[in-house]
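Labels run A, B and C following the written order; every chain starts at residue 1.
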Amino acid sequence: MPSLVERLRSIVGDEACLARAEELFVYECDGLTLDPVRPSAVVLPRDTEQVASVVRACREFGQPFVPRGAGTGLSGGAHPTPGAVIVECSRMDRILEVDAGNRIARVQPGVVNADLSVAVATHGLFYAPDPSSQMACTIGGNVAENAGGPHTLKYGTTTNHVLALELVLPDGAVSRLGSATGFAPGYDLVGAVVGSEGTLGIVTEVTVRLTPIPEGVETLLGIFPDVVSACRAVGRVIRSGLVPAALEILDQRTIRAVEDSVYAAGLPRDAGAVLVAELDGAACALPAQVEKVRAIIGEEGASEVRVARDEQERALFWKARKGAFGAMGRLAPDLYVHDAVVPRAVLPEILATVCEIGDRHGVTLSNVFHAGDGNLHPNISFDRRDPDELRRVIAAGTEILEACVRVGGVITGEHGIGTEKRDFIGLVFNEADLDAMKRVRDAFNPDGVCNPGKIFPTTRFCVESNPKARGYDRVPLA
Amino acid sequence: MSALGEELREALGAESIVEHPPVEWDGHKLELTFRPPDGDRLAKGLALLSERGLAALVRGGGTRSHWGNRAERADLILSTEALTGIDTLDTEDGVVHVAAGTRLDEVRAAANSGGWELPLDPPGEGTTVGGALSAAAIGPRRLGFGPPRDCVLGLEVALASGERTRCGGRVMKNVTGYDLAKLYTGAFGTLGVIERAWLRLRPLPASLEVRVAEVPSSVDPFALTLELARRTTTRVAALVGPGPAERIGSGCLIEEGWVLVAEFAGDSPATERDLEWLEGRVDALPADADVVGGLRRIQGAPVAPPGLRARIAVLPSALPETCAGLEASDLELVVHPGLGLVYVESHADLDGSLGAVDGAAARGCGSAMYESLPSQARAGRDVFGASPDVVPLMRALKERFDPTGTLNPGRFAGGL
Amino acid sequence: MAEPVTGLPSQVYTRSLACVHCGLCLSACPTYRVTGRETSSPRGRIYLMRGVAEGRIELGELLAEEAYLCLGCRACETACPSGVEFGAMLEETRAAVDEAGLRGGLQPRLERMILRQVVPHRRRLRLLIGLLALAQRTRIDRVASLLLPRSLRALLPEIPARADRRQPPERIPAEGEQRGRVAFLTGCVMPEIFGSVNAATLRVLSRNGFEVVVPRDQTCCGALQAHAGDLDFARGLARRNAAVFEAAGVDAIVVNSAGCGAAMRSAEHWIPGEGASYAGKVRDVCELLDEVGLRPLTHSIQGRLCYDDPCHLIHGQGVSAAPRRLLEQIDGIELVPHADASSCCGAAGTYNLTHREMSQQVLERKMDALAAADPDLIATGNPGCLMQLRAGVRLRGMRARVVHPVELLDQAYQNPHG
């Protein structure tokens, strides 16, 4: 009887199956470095058939399996459980078809998000969801997490751009869901799989909608004395009847980190906050919209409003924005990224609360977020080697989430629950709600072998009294 | 009152159960309607029905009772009409929280008064929020509004087991747990009964223009309308055949060919530019929004037997080929090239029409859904046209959400 | 706070702490793009280094492999928002890997011998090159090279005539009004194989008002040795050069080989303190000319030109716009962008000899992009890249001539063919 690794090698080839201890060490986590677990093997399949065979082999050996894209996820969605086999989709990176006339593309899951937009640019099209990690993250990973990005305010998240999927089900069968027409009969299975964090099967092909590159784009930069007044401006823009392409806020600490990095965009280091507002669409309608936004920003206390002069300057703003998360590495060795969403009307209050919580716990907190969607990213920089700091980071993070839920918000807008927030999901949903979700998981993945340990709580919900429930020392569910 | 009626009345309160003269529905004679006045009663009633193995036909405003496959079993009607009211209209944030039985026109009016627009426009006087979402019903503005699922931020749903559940929320972006709202939207009430919904509104457009035009024979109607559909402010871009052109009140009486109906919404410089673009290509006449209403109206009512109405979905590039076979027959067409949709209506020759519709869908490599079809033709047919490939997964879902087959048994795609 | 260090120098660990594992470096990494393996990505390699430093894994086989599978192109540094100094970490890790004896076999010893005993010694190197030239002239090489695989054969450069391998004078006066006094690094390979590039560089500098001194006792920059894990030897070379160039008392030290320039700038962390002033004076020739402004060119050159960034210029020294701005000033040149300009060509010092297969795969990507842009000329400012791209052009049968940017500037000043 061959071992599982031998079986996997016979499927994908020796070179495409990693099993040395140090190789497995590298795969113990994704973009979330907390709670690492080493897998038992990593396979790099090239096509659907290999994925299906790998899944069947894992079943035969009773081992769970975990799909993985570029491993840029921030909630531990690609973290293995002990013994799990990682199915790394990075080699399934072909764009299979671009149908510019119908504005659709069919791609393998390992295609890098930004590469797709580059590939279809000659047709005047782009792939709209643009997570900040788009230079590296894959379409398959985006599907799993229902990835968002700054431009979801106007264009929606991944789920609004996926028309059909090919899915290797957890029993190894291959299923095609949805329709390129956008009108698939029956349950919206594509809608269920997008954002299911890889727990319903392994996506092996994605048919996406492509969006025309807008005729005109204008990007404004409002320089504010503080983050709360920038939030007020966002609320007024939303109420004004405009639908901007993006409304993003960077606070002072973020501005300084970015300005220290290779993505420096000349943002004023002494500004309390910068609001990036982007308007796009018919060129003839933009001047009036720009004036409207400029007036609002000015009235809400911006000391200065800059308008990007050209595409180059615009690109600079966005590089600064998208490099912000990585730039936090300049503040401390570790970073805890939160991803709460609140009703947009309460942004000024919640930001004040978030900052107060950070100050009270004495943690290094910075905010860079999709203000137009009400999607906060309070980032806490820390050094995990300092146990007291770690404790305060966890306490502050928990309080922030609770405050967001209290005003009608949720605990994740685009990063997913994964392992990182599974013990917080009870803040938002009760057992009956979670039970309904489990019914879906059970329909696709009845024995839970596909990406186990994600989304659903593993511990009793007792975060407040027990900071260890963050996952450093988990209390198993009795 | 029947024994069942008495029992339900006892358990759920007199106001929840309405006894009425028999209503004929797919051959079932139904004398009871479960009409819960609140979510608690809805859940309690569902638990009771499940426990007793009874089947309920779920309805909102009753505007789409003619949709779906024939019900396998039916013991009573479940109506959400008493679950009404707008709980929250947040005009700062552009969201509304509304009970499922609330009529769309009520929500629309409330939203409009706050400067917002409800991006749902399905046909049917009295269509409710719950009904529109359950059926994923669309209207002529689907091009501009997007699919109904896009405006659903969160749902409260009562499951057949009697559990009241929530999914999603009221915020713009949310990946907290599975996106169950996508599954419930368009599930035809077969996975649970929507009790309340959080909907995302969009700003009212500053400018709205409607135009109708006869498409000259020198112009490729599909290419023209597809290009029109892809202008930035186009909200409706439909090609209407001679019969429907008259019925929607377009004012264009044609013997053959197409009438183009266009609606533009947005900031005025942009709508004006798109108007100019159109006027440079066809003789476009101003019309009022009634024409779009007419387009909606003719898609609402069931077609009297032996007539049928079907919606064919293909890729836009396949439209000319899809329609070529349909023009030859005596069928009335409304085409939305931007969406790849063809609405087909016929009033005679049921078999011939069925063959033409199925053939056209196959030619265009798409699918056909029959919205209105005489009872005898629905027997043994999946009017949704679900692919057999996905039926096992759909069945697995149905078995886990509604193991006793309490909700609309047999009426949905794949006979679920 | 205690900083655990096991088998790797402590600065590797300190540098690794800047990485927050965001992954933005992945798609910039040529070996990740070819393999799809996290282990062969910058993030993965940093994770391995940190793992060793924290004592979570041992300094072993995989890190030894990966430290050398890495091209050292430093594209990850350009992508990294957190400023991780990957190039430095790589050199330090390679040194530790070699120290630990994890690179077995004859090759590392032979390589070290050549890099220590031949390359930094002008006469020995000349002798070796002279032999190769003789072989080429007598066509013996054709017989010998038949034994080599095609990809390697294509790499062998044409050894120029002895006249082109002459040592430049010690001092070249400035033409016209003097704009500065600079020293010039001749390099070790450059004078032997790209002597004409050196000559062109000196002419262009002089034409632009620079007095150029060429210190006779300068030595090799240490780049090849450092990349090969012989950091100690490289430090020695850097110390000597620092002393020699400091003594020259110049405004800048001009380099026309991107690899050498990046290495000389690294002296800052190779020999902390003493290397700072020397490193601070280093300028790539294009960078310097762009800074002061090019004197008007006099001749036109017709053709489509692709500029290809040497990694050690764009990623190692942050210079990418300057050469483009210079080349654009040549009348008749149409600068055509190509998709893969900023990524490695696979030359990477001796990488194309030690990791031939990976080097070829990396080159393929580059050549696809270049072929799509269909240029008449390809310009790049580094000897290794010049050889690698010439090989790529030859293997593909493309018409493009591969040149150093300075050669084009030189031509546009005096049109030597006219």
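The rule we apply is simple: a residue touches a chain if its C-beta (ideal position, glycine included) is under 8 Å from a C-beta of that chain, and two chains touch if they have at least 3 such contacts.
Since this is a predicted model, take the numbers as computed values, not measurements.
K.L.:
Count the C-beta pairs in contact for A-B and for A-C, then report the pair with the higher count.
P.N.:
Looking at A-B and A-C side by side, A-B shows more C-beta contacts.
K.L.:
Could you name the chain whose CA centroid falls nearest to the centroid of all protein CA atoms?
P.N.:
It is chain A that sits nearest the middle.
K.L.:
If you take the mean of the Cα atoms for each chain, which one ends up farthest from subunit A?
P.N.:
Comparing chain centres, C lies farthest from subunit A.
K.L.:
So how far apart, in whole Å, are subunit B and subunit C when each is placed at the average of its C-alpha atoms?
P.N.:
One centre to the other, that is 64 Å.
K.L.:
Report the inter-centroid distance (CA atoms only) between subunit A and subunit B in whole Å.
P.N.:
Centres of subunit A and subunit B (C-alpha means) sit 32 Å apart.
K.L.:
What is the distance, in whole Å, between the centres of subunit A and subunit C, each centre taken as the mean of its C-alpha atoms?
P.N.:
Their C-alpha centroids are separated by 37 Å.
K.L.:
Where on subunit A is subunit B touching in the complex?
P.N.:
99, 101-102, 104, 145-146, 148, 152-153, 156-157, 159-160, 169, 175-177, 179-192, 194-196, 212, 214-215, 235, 238-239, 241-243, 281-282, 284-285, 288-289, 341-345, 370, 373-375, 408-417, 425, 428-430, 432-437, 439-444, 455
K.L.:
Would you mind writing out the residues of subunit C in touch with subunit A in their complex?
P.N.:
My answer: residues 1, 17-28, 32, 36-39, 44, 47-48, 51, 56-57, 60-63, 77-84, 339.
K.L.:
Spell out the part of subunit A that touches subunit C in their complex, as residue ranges.
P.N.:
Spelled out, the residues of subunit A in touch with subunit C are 18, 20-23, 25-27, 29-31, 33, 42, 44, 70-72, 88, 90-91, 93, 110, 112, 114-115, 118, 133, 135-137, 258, 260-263, 323-330, 333-335, 383, 385-386.
K.L.:
Can you tell me which positions in subunit B touch subunit A when the two form their complex?
P.N.:
Counting only subunit B, the residues touching subunit A are 90-95, 115, 136, 146-147, 149-150, 157, 159, 163-167, 169-180, 182-183, 185-187, 191-192, 202-204, 206, 230, 232-233, 266-267, 269-270, 273-274, 311, 313-317, 339-341, 366-367, 369, 382, 384-387, 389-391, 393-394, 396-397, 399-401, 412-414.
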